[in-house]
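Next up, some structures in structure tokens.
You will see two complexes here that share subunit A, one where it goes with subunit B and one where it goes with subunit C.
Take a look at the complex of A and B:
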């Protein structure tokens, strides 16, 4: 076993290499903009240079004069599109700002024209020659700008139903022996997946094919159909590989229906490859947030009072918020809790999900505050978490289905060498480096959504699994193939998996870390339907059939317990008895507690996620603990994070290889959110300044010397049939707090605003 | 930036040099374009397509393309070699990395015209028959990717990194692989892959 393929522990699958590995290392994996098109025309976007106001007019003569230009589409001649509601209000869209609809401008970088030409080069040149005259109005950029409006999230965002509270916070805080009040800020961030926000649209008569990287092909298919006013069955979204999502491709952006409409009008396939900087404004992002935390505790460290106020920026028309208080008010035992989330509206594009949307900013606040409280108590921060650990969440009194938080702390602390830490700030150094150790908890809700699947088994054991899931780098192909292989008892190399196509049976959005739990539970169920059919064929009327299907293998593969049973099923005999060449089954699975309309919603592109804190009698989360070593140069103030160690427990680990890789990437994301990433905003113009990969800092290889991921065994029979807790968004939570806690330990300076740059250090 | 006449510097005239260089570069383009469209010369309309022959993965490919076409767009849009990826089009991310005469180059910042007569190797040209190149195999073994979009560029860069002699230590590999961004952050696995493949590449 290599580091990349850890030895499986109890309740873990095999660390088999990725199903799509060969395709990805040879360049054969085809992403959306790699799809061949028949004589495409090329689109290039023109985006607004003002954030608020009106377009007075275009001068297009120069642009039209460019050789090869076919058409220039503005609000004056754009295809008429129907509105789509925000995804959280029953629609599909990530924004209700619809470009090219009128002369009004709602945010900087809004699409204001689309140039179509015979070549990419001509489209780009003509786009640069489009002249626009505006009447600009001073925009509101962010929290401190004049002209914003602020209101409580509750009541305006249908997915934010309550500000969690319990007991009497005010009284308990007032009486607490030890008190902490502190404010924390997190910055604007952009996902910047490596694949650009490309869209290709091709019509065949009335049927539309869309090649676009999407985390929800059913949502996009139905959303575009709604905007075009056509039957959703006539729209197909195809993306067998997606070049990174991180939330940016979870909801529909306006570009897709615009390109589809233009392709229809020109009767020609259109290929759009937006630029990297356009990606900052034509899709979503993580909005900046502000927090105030109040903690009251006894001298023994027991929390008596907790209040978390969060404030988030959104666009003028859309009340998007992440509302992470649903998690931070339930993480620790505390009898008196209150909270409030507010939304501040500014002249910005609408924000959206970005990897662990609520937990990254909200746990930064809470886990920083816990460290500050530990300092006030003169207590080890790990012990403070242990004292306040709980198996029951305090708001509704519901039990956690499983919770390995302290086991994670203990494993990670051991691997990290936490016992070597001298608790006093500025007490550890190495030459010019001030050395600090810090830690934080992480958690992420376990979520599931209805999913369908189709599985076909041939008599030679070859198996085909079809499900409109999404391969965004998570290992979807691999874990689905492993699930079918194990459940049917056929060799892994005989399983073919098809995802990323809205003509396949519906799967939910690849968001909220629900994919593995949902798709694998559906595939397991459908494989069981196949087993049942085969057994009924050879044991007609036999009441033993039901029992047998659970205990009897159906092939000679020795890899599963079922196959090793003393009553292997003779596949040939079963197929002869059925009188067929293939057995194919389709099935629809839904999680316990899913609403009644779940399956209908699933087919129309609405994923009804259940889980986390929203279940009736229980609460389900995955947990982890992260330890970091930070080094701050006492003269230059250069900050480095040479060691990141995380231990995680997330129910059944389908594949320790793909799980470790996701958690490793998550830890690096967490480091990045503390030390590197921020979209800088020009306050005067409400404009993103560093909208490229040289100035928007993401980690490169040299930033990441040491990362260690520890997978803990955990079994949870109360979540879903696969026993899986999603972990794709677990590891990048809390890391930002752990790093600031380590910086405090290294330097004695508490930093409450991210990202931390060397100019923020005042040693 | 212009030099002052008689400023005491050498007689080298920068403006004249640039004009001369551009002029000489335009000569073959003019000649080619003239055969396509006799009525307009390329000097008058630089947007006219030109003929370019690129040598890609050991084969000559004749193209009739816009003179501004980059190697990346020539590969992707005209030769259907879509393994090389566009991640920024600004030379900032490395997803488009190919080898030109064995040097790693960001193909988005290289004009196809400028690569004429040179040997271009892309991710599609790395494997032989059914055998993965040792670097490709090392990427599989070490799970050195997730979404896979940056992977062709990482692998091309990694092959060059080894041949440049920059794979002697993990610190070296990290430094010399830092021109290729992996947003999934598979970096530790990429370092492990380069370490694994380096001896085999240097041997063979």
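Take a look at the complex of A and C:
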């Protein structure tokens, strides 16, 4: 694996090193828990040992006896908090299960007490000494447990409005020459970001500052304010760096308002650092899913019928679902499509966003099925995708703004050496290893959301960009700095970027891979406002006729044209002409098709994401193709994936270096998801068992000796001003199926349940 | 974690004194009030989890000057208990004459852990059973004798199929111990009345009806060294696991052979990842002695090694896997190139 940054191709920015690289590798980057607090108290959580039932009582004598204990907060004495609606129902919260409200327990590991002490150690010791007596009720753990309820997602979840369908699936499937029906399962997974689910809350009078790793500082600020019943302007969320999010920090968890409430009562800052295992139950996760796919095709490989049924586990009160049929029903040309998504309620914490929430489980099913269909047709799986490639999605007949799927397949196939594959399963080997090649398509919707930004330019070129975006490791600082540097024509090193603070102009949630498209479009727009002011100063005045034409949208004034062009600007001359030392502009950008309430919603912490399949006249996705080599030891059945090759096209690539890192991380995660990651649930008690990083397996370096990322040049002028398709969640989608398809090729065995482990192999 | 006192033992007598002083006669070693601290890679974890609650830690790292030597002299090997795993694995004579030892160490844990962890601590590493490590489960016969076993009908993919009892199915997690037991190692124990030497095979105790008693060590006793008789250049350690590094064995085999003119004169087979204690497959060894090796023999040996295995809901696969691992390890040992 080489570490060299890729050479930029057409429509790519420069692969400049990360803005925050030195700070991170030298340990200067301050994460939320690193923020100094004045005389803090420390909190440690006590979480429930049962998944369902009630607390009969606490014995706190032993715990109170620990030196340094200040208070122990339970449902009997907890600050009263207002309820919060679920994120996907227009609220801020990742769950409506509010701990410490009553003696009732709704899931394993629910917060049942908070110990406050003078030191972390004392708080932890006292928490260990808290004794709880419960009355437990037999819980429903998952799909096959007694006591679950199942209902269609449509009608329960406001973000899942329709089960996509077109044509007459039943008839077409009935008449199809070649048919496939297959079921697929994906497991429970937890994000396990390096940074734990900490929070620190400090009050100054009526003002609250929250230091917490968040993917949505405006959402968290407004959500906590709502729960505390205070004005959102009195709450500030700060996190200049976030130690990984992957969706787990997109919505508010109950811990924050609880700690804020206790800090208020105590009149002292409180720092909470939960443990790794507590992170499995006090935040969200990817729920297990089940799928049935039916494909009907002609002998020529053309799809005639497609049905995708998915079911997903959620908690008792919350109808969370990912509903990936919105993507799988639109990926290939097929005239007859039907689908159904169901939600199964169990006694679990509420699931939530996890990197490519809909696409990971649903494309695993579809792309596995496509490989199975190719086998039935005796056809190269790449050719099957080519035959069913389309420029128009079949459900609404809307054109893709751009689609480089087959170009990605061709580039990746070439780099991988796909032509060296002998198609027969179990036909390739190397010593002890059975060798298999597999591939799959990957895709992710292109999404944008309204964003504001403030930019300040000094005469000497020094620039300050302020935007409440989020550096979750993706390179947000870097691409924002590049955008300002390019638009203002100032050297990159003169650009200072400030993100991760809800006192800055609002940006959307760092989720749905919308951040680069949204924040860079906003920063571009505001930089152009600055350019326009400066151009106006050095250009002859715009005529009244020009201004009138611009107002009604017929044409642009010369200064607007100049501002939006790439025309360079002589800063000295412009500042002289304007007669000021600093120009500062604030602006609010919204994507085409954004709802009318977009800007108001943006300020109150609701991101109105548009794009993907939900636009009126078009559909926008980023695409890729992934090829993997899998090796299965014929004696131990150990499965390894020594080569992962992906080619991706995602509109303008702002920075090939940071883009490559995102995609490489995605490929590795995809492999991990296929072969390693699963949260084990004890069926008897609905509790997570392997809730630590020794037993919840993620890859180590030795597992990923070869990862190759190919960036394709693609230009798309129909998505957003930055021309960017989000790619943070693009790469880990296709890998699951590609791995299983390669395992089939290596062993002749089709495995439809993730993760694949050595005991699943029979050779 | 609960408060504890900490003292550094600057010589073995002080260490033994400090550990003995806090020992209560009827407590098993794992619950003794004073625990020795070497690399700390297991003990500190278990203290944070509240599984182990020692009142006193006796830091024995100052003894390393006398207890960490690696001595390979002709027909035997002596390893100080405080030698670091990484140092022993990197020792050229051990790599040449005892590859099973070098490999069992190299395939264990991560580079960082191998740099910290000591040989003595490694063989005393406690089980990774999730229910043992989670004190919110009351039913663990290892932690709370007589309370039951949550793993028996719980998630038990990683659990043992050999040496189990109806009280406990927790797997002994280590790798190095399989090499030691295979090679008839002796363990030198330092206690109040000086040192004693016992076969390594007698160090660990299968759970039976007392899963809380894991070894025959008494409070106040410390492992000071291991010794291995003979040389075993024809030896391998094969480890099957979910990922390529930093992961416990689902099944492993330590195999050492003495082959002369195609006939197996002596054979040692030990199993890891599948048993409650370091596991010597003596019935399997008996089948090998005096035989010429072929695949059929390998299959019979593997079957014998797992003849008494009993699987549970999620770990039955370990029986078939373990057999294949044994057979493959034997093949590798037979075919490996050995420099005389």
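In this section, the second predicted complex is superposed on the first by the 728 of 763 C-alpha atoms of A that agree within 3 Å, B and C clash if a C-alpha of one lies under 4 Å from a C-alpha of the other, contacts with A are read in each partner's own complex, and residues count from 1 in each chain.
The rule is simple: contacts are C-beta pairs under 8 Å (C-beta built on N, C-alpha and C of every residue); 3 or more make two chains touch, one makes a residue touch a chain.
Here the structure is a predicted model, which is why all the values come from computation and not from measurement.
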| said: Looking at A:456 after the superposition, I want to know if it touches subunit B, subunit C, both of them or none. Which is it: first, second, both, neither? | reply: neither
| request: For A:179, decide between first (touching subunit B), second (touching subunit C), both and neither. | output: neither
| request: May I ask you to decide whether A:119 touches subunit B, subunit C, both, or neither, giving the answer as first, second, both or neither? | output: first
| message | Tell me which touches more residues of subunit A here: subunit C or subunit B. | response | B
| field | subunit B versus subunit C as contact partner of A:700, first or second or both or neither | value | both
| said: Which partner chains sit in contact with A:635 here, subunit B, subunit C, both or neither? Use first/second/both/neither. | reply: second
| request: Mind working out whether A:264 is in touch with subunit B, subunit C, both or neither, as first, second, both or neither? | output: neither
| task | For A:662, select first, second, both or neither according to whether it touches subunit B, subunit C, the two together, or no partner. | result | first
| field | Which superposed partner A:414 touches (first subunit B, second subunit C, both, neither) | value | neither
| request: Please work out whether A:36 is in contact with subunit B alone, subunit C alone, both, or neither, and reply first, second, both or neither. | output: first
| task | Starting from the residues of subunit A touching subunit B, keep only those that also touch subunit C in the other complex, and list them. | result | 121, 125, 694, 699-703
| note | Counting only contacts in the complex, subunit B reaches subunit A at residues 45, 47-48, 65-66, 68-69, 73, 76-77, 80-90, 92-93, 95, 122-124, 126-127, 132, 136-137, 139-152, 155, 171, 173-175, 177-192
| message | Touching residues of subunit A toward subunit C in the complex: what are they? | response | 49, 121, 124-125, 128, 277, 432, 633, 635-638, 640, 675-676, 680-682, 684, 689-690, 694-695, 697, 699-703, 757-759
| query | Can you name the residues of subunit A that touch subunit B in the complex? | reply | 2-5, 17-18, 20-31, 33-34, 36, 66-68, 119-122, 125, 192-196, 241-246, 273, 275-276, 471-475, 657-658, 660-662, 664-665, 668-669, 672, 692-694, 698-707
| task | Report the residues of subunit C in contact with subunit A in the complex, numbered from low to high. | result | 1-3, 50, 110, 128, 130-131, 134-137, 153-155, 157-158, 238, 240-247, 250-251, 317, 321, 324-325, 327-328
